[in-house]
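The data blocks that follow each hold one structure.
In the two complexes below, subunit A is the common chain; its partner is subunit B in one and subunit C in the other.
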Partner chain A sequence: MLDLLLFAVFPYVAVVLAVVVGMYRYFNARFSYSSYSSQFLETRALFWGSVPWHYGIIVILLAHLLAALFPDAWAALIAEPGRLYALELVGLALGLLALVGMALLIARRLYNARIRSVTSLLDWVLLAVLLAQVALGVWVALFYRWGSAWYLSSITPWLRSLTVLQPQIDAVVVLPLVVKLHALGGFVIIALFPFTRLVHLIVFPLAYLWRAPQVVIWNRRAGDRRRG
Partner chain B sequence: MFQEKCAGCHTIGGGDRVGPDMEGVTALRDRDWLVRFIVEPDRVIAEGDPIAAALLEQFGMPMPNLGLTEAQADAIVVYLEAQAGDAPAPPPEPPVSVTAPTGDPDIGRDLFSGASRLANGGAACIACHDIAGVGALGGGALGPDLTQTHAKFGADGTAAMLANLSFPTMIPIFGTRPLTPEEQAHLAALFQQTAEVGPPAQPVGQLALAAAAGAALLFGVMHLLWRRRLTAVRRPLVKG
Partner chain C sequence: MDVRAQVSMVFHLDKCIGCHTCSVACKNIWTDRKGAEYMWWNNVETKPGTGYPTLWEDQEKYKGGWERQNGDLRLKLQNRAGGLANLFHNPHLPTIDDYYEPWTYRYGDLFTAPEGDDQPTARPISMIDGEPVDIEAGPNWDDDLSGSPIYAKNDPNFESITDEERRQLFELERLVFFYLPRICNHCVNPGCVAACPAGAIYKRGEDGIVLTSQEKCRAWRMCISGCPYKKVYFNWATGKSEKCILCYPRLETGQAPACFHSCVGRIRYLGVLLYDAERIEAAAKVTDAQLVEAQRAMILDPFDADVRAGARANGIPDAMLDAAQKSPVYRFVKTYQLALPLHAEFRTLPMLFYVPPLLPVVGARENGAYRVAADFFSSLESARVPIRYMAKLFAAGNEAEVIAVYRRLIAVRAYKRAEAVGDIAPEAISEALAEAGITPDEAEAIYHLTSMATFDERFVIPPLAREVNIEATLDPFTHKPHAGFGFNQSLDRE
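For the complex of A and B:
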């Protein structure tokens, strides 16, 4: 019963929350669709936290997504043990990169008074969940090998069954506790998405790629220099 | 039905395997308890039944729920009772082997590693299991190491396990995608070959070290590429 709630009901609750609250926030508080960058307040530690975190987590998320969308191609990709090991090693390295990055980001928020004062309770919750989720992922990658292979027969069918509204949880409920926590963690993050600054991930300024270039000129300071 | 569902782990008079020898079990246990345990061992164990707990401790592995109905369990108990009736005279035959191991261990290894895909679409063994000689970093660690399968369970036990794969984590995957008889034979041959080899070493340390080195390398690359990336836009402008 609990399994049914956690693996067949909760994912829908999370996605519905993400969509409905996300839309409500978009139409009612559009300026809150932001990462609330604190780069203005501090840049050095931000660089060593944010850059590794984002490059690590984006590639890893993509891998989770691709293995769910194209399981056959994925299976062909890892059919040779050498390729499987290469993929797992790259994944684990990126996982560690994200883990260290997130730890640095949290430390930065904890120890820098200026950053701490612009951090809300929900920010802390989100950061803790993200750190736990990445730590669990690294744990799974190390001690429940080879995730990139068993994902295809234990996780992909579950995710697919959720998307066609016929939840099949039998393959996922028999997995070890750490793996189940990691799977649930993903949906906890989806549920947190509309309430936190995580919303920034759907307002990535892609339009910058094709908009006309803008030249920014600071003319006042230049004038100062001429006078001086 | 006994051959199909139980013989992977149990014998009648052939000694303990993964689970206890079933010889004389009908005299040892209450009939209703037997039927119920066969139908829902997971629940009996979860309820803290003392007999089930003792068995779990002795064999170190819970009996999986095989999804049998009460009528089927009853039929199995009737069969066990009949076997017990015959028992005193000749010791019962060990279970008949389902497939004679005429497989090729090399084909078995390719099936294990996923180089050849399983005909019915089941996951390659390497995803969850390790075995000696399957690759530099070994097989998976979600399930047990299979190097000693043949040594532990013998040809018949191995054959029956391969035929059913009635383990809780495997039923949802292989229940509808069983191994073909040829695949079973090839894998059985592989297990026979690895029976004399010791279990492979755990590569966790190597793996963690290599990944940590990779992560450190990426940090270095970031430093070289983007040292100045998040510095304010204005500062260099003002300087210039």
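For the complex of A and C:
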């Protein structure tokens, strides 16, 4: 019953929260859609924390996504042992990088009074959850080898069943506790996403790559358009 | 031709007395809030000096503005992909310590201290984290050089002067300084806009005011580096960047900007310029020596019928066009060519202009006759700050531009002196005027514009179109800290 709640119901709750609250916040409190960077108050420790954290976690996250979206291609990729070893190794290294980065970021927030003063309660919750999640991930990578392979037969089907609204939890409930916690952690983060500064993730300014260098707005023309 | 209008300011530096009234007026209205304590959208710094934030002109340090690369223009800070790659940590971001850590005093201790042998004291505490601080620097710490030449010695503009000039400059009897009031230049090719990955900063077409959308800003903080004048500030409490808004809410009701309105020296002039947006890129790309002239050429004649038609087609209201014809700024910049942009070599095409200061001792009395020192432009004997230095500040190093301005200013002075005191030979006057390239009538007009202009001659701006309507029912005190940002709700975090 608990498994059903955690792995078949909670994911939907998390996603609905993320979408509904995320949209509500975007349209009603857009001012708060921000990364709230604290670099202006402290820059050195941020470099050693933020850069490894972001680059580590982005690649890892993408790998998790790709393996769920394109399991066949992923299976082909790891079919050869050499590639599998390389992938696992790189994954572990990046995971450790992210872990160390996050630990540094947390230490920075704890020990720098300036940064502490711009940290909210939800920031602490988010940081703790992220740290736990990455730590669990590294744990899995270390003690439950070949995750890039067994992911395809356990997590991928579960995630896919969730997307088609027919949750199949058989494959996940039999997984070791640490792996289950890690899977759950992912949805906890999704649930936290709309309430925290994590929203900066979906406003990543990709359009900067192609927009015109200068932005000019004519009030009158915008007004004319509004008036029709 | 793509005609745009620009509300533009001229500062007559010889008239600035360094009183900081402008800075305080601005602060009281706009930056009197948490997170903005350290911001001075208008600041006045002593030159030569290191300025605010410290060494802001040193673009090797801060990477502001544009640079020419193989005939192309690129941001000194980043290319597009590089900008995104550095989002997690901007290696060139100034930190609060480059400005100063805002502080207050624990006044409560004065009342609550227990009885004892010593006077109770109010310790200084940081306004960021409330911890006690040792105050090491503050706003205008280097004012009037603070009695020490070290600020002047570290001025980045001294790179180009010779050791001998430097030695002479810092001789105590010669030591000279002037004031440089600075606000956002509301540039035509702004580095802040180009650097902002979110596209949150924009320039308004009708009046050229550059604004940061507080709702679109995501704290990516590239604008702070991108602006070579360091006139975008990061609000550490809200995590948004903010900048001078040229008091647009005041302009909407026909009032002058606070800095302008309060200026004790009456050094400021505000008027409309029309410019051709199609020429922006070309004007920003020319060699250093041509920059000032290229920018001047971009500014259009408001009496030209084609220009007026083009402006109307772009939706610029007639009131703006009329103001452009009466613009004191146009006369300073274009007609008499007395005002120059600050650090044109940053290539943002700044739209605020400065009449460079003559500083004292430009002429001498000899045998009862007033003589404009013949060697004024080449010799340190009479020019107390080398022309090279002024040219670095106001003409991207082109000394001829600064000399031309000085010739005109000196000619006007001599002309008026001859009129009032009558101790200069008429031939000397006509020679000075001819050399400066102005007629006696023009000299008279310049004299009036620089010395006698009334408020209405210095401020020629029609009430502007509204950016955001402020609810009339709102409590003005709740609204005050957020005014200009278009919010009806509190800006507290999360």
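Here is the rule we use: the second predicted complex is superposed on the first by the 213 of 228 C-alpha atoms of A that agree within 3 Å, B and C clash if a C-alpha of one lies under 4 Å from a C-alpha of the other, contacts with A are read in each partner's own complex, and residues count from 1 in each chain.
Here, contacts are C-beta pairs under 8 Å (C-beta built on N, C-alpha and C of every residue); 3 or more make two chains touch, one makes a residue touch a chain.
Predicted model, so just to flag it, every value in this text is computed and none were measured.
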| item | value |
| --- | --- |
| Touching partner for A:Pro81 - first (subunit B), second (subunit C), both, neither | first |
| First, second, both or neither for A:Arg30, with subunit B first and subunit C second | second |
| Which superposed partner A:Val164 touches (first subunit B, second subunit C, both, neither) | neither |
| Touched partner set for A:Trp218, first subunit B, second subunit C, both or neither | both |
| Which superposed partner A:Leu142 touches (first subunit B, second subunit C, both, neither) | first |
| First (subunit B), second (subunit C), both or neither touched by A:Gln39 | both |
| Subunit B versus subunit C as contact partner of A:Phe47, first or second or both or neither | both |
| Partner chain(s) touched by A:Leu97 [first = subunit B, second = subunit C, both, neither] | first |
| Common interface positions of subunit A, toward subunit B and toward subunit C | 39, 43, 46-47, 50-51, 55, 216, 218, 221 |
| In the complex, subunit A residues that touch subunit C | 29-43, 46-47, 50-51, 53-55, 113-114, 116-118, 120, 122, 196-197, 200, 203-209, 211, 213-221, 223 |
| Footprint of subunit B on subunit A - complex, ascending | 39, 43, 46-48, 50-52, 55, 75, 78-82, 84-85, 88-90, 92-97, 100, 142-146, 149-150, 152-154, 170-171, 174-176, 179, 216, 218, 221 |
| Subunit A-facing residues of subunit C, complex | 4, 80-81, 83-84, 87-91, 93-96, 126, 128-131, 189-190, 193-194, 197-199, 201-206, 214-221, 224, 234, 236-240, 277, 280, 314-315, 317, 465-467, 487, 489, 491, 493-494 |
| Subunit B to subunit A touching residues, read off their complex | 113-115, 117, 122-124, 126-128, 134-142, 168-169, 171-173, 204, 207-208, 210-215, 217-219, 222, 226, 229-234, 237-238 |
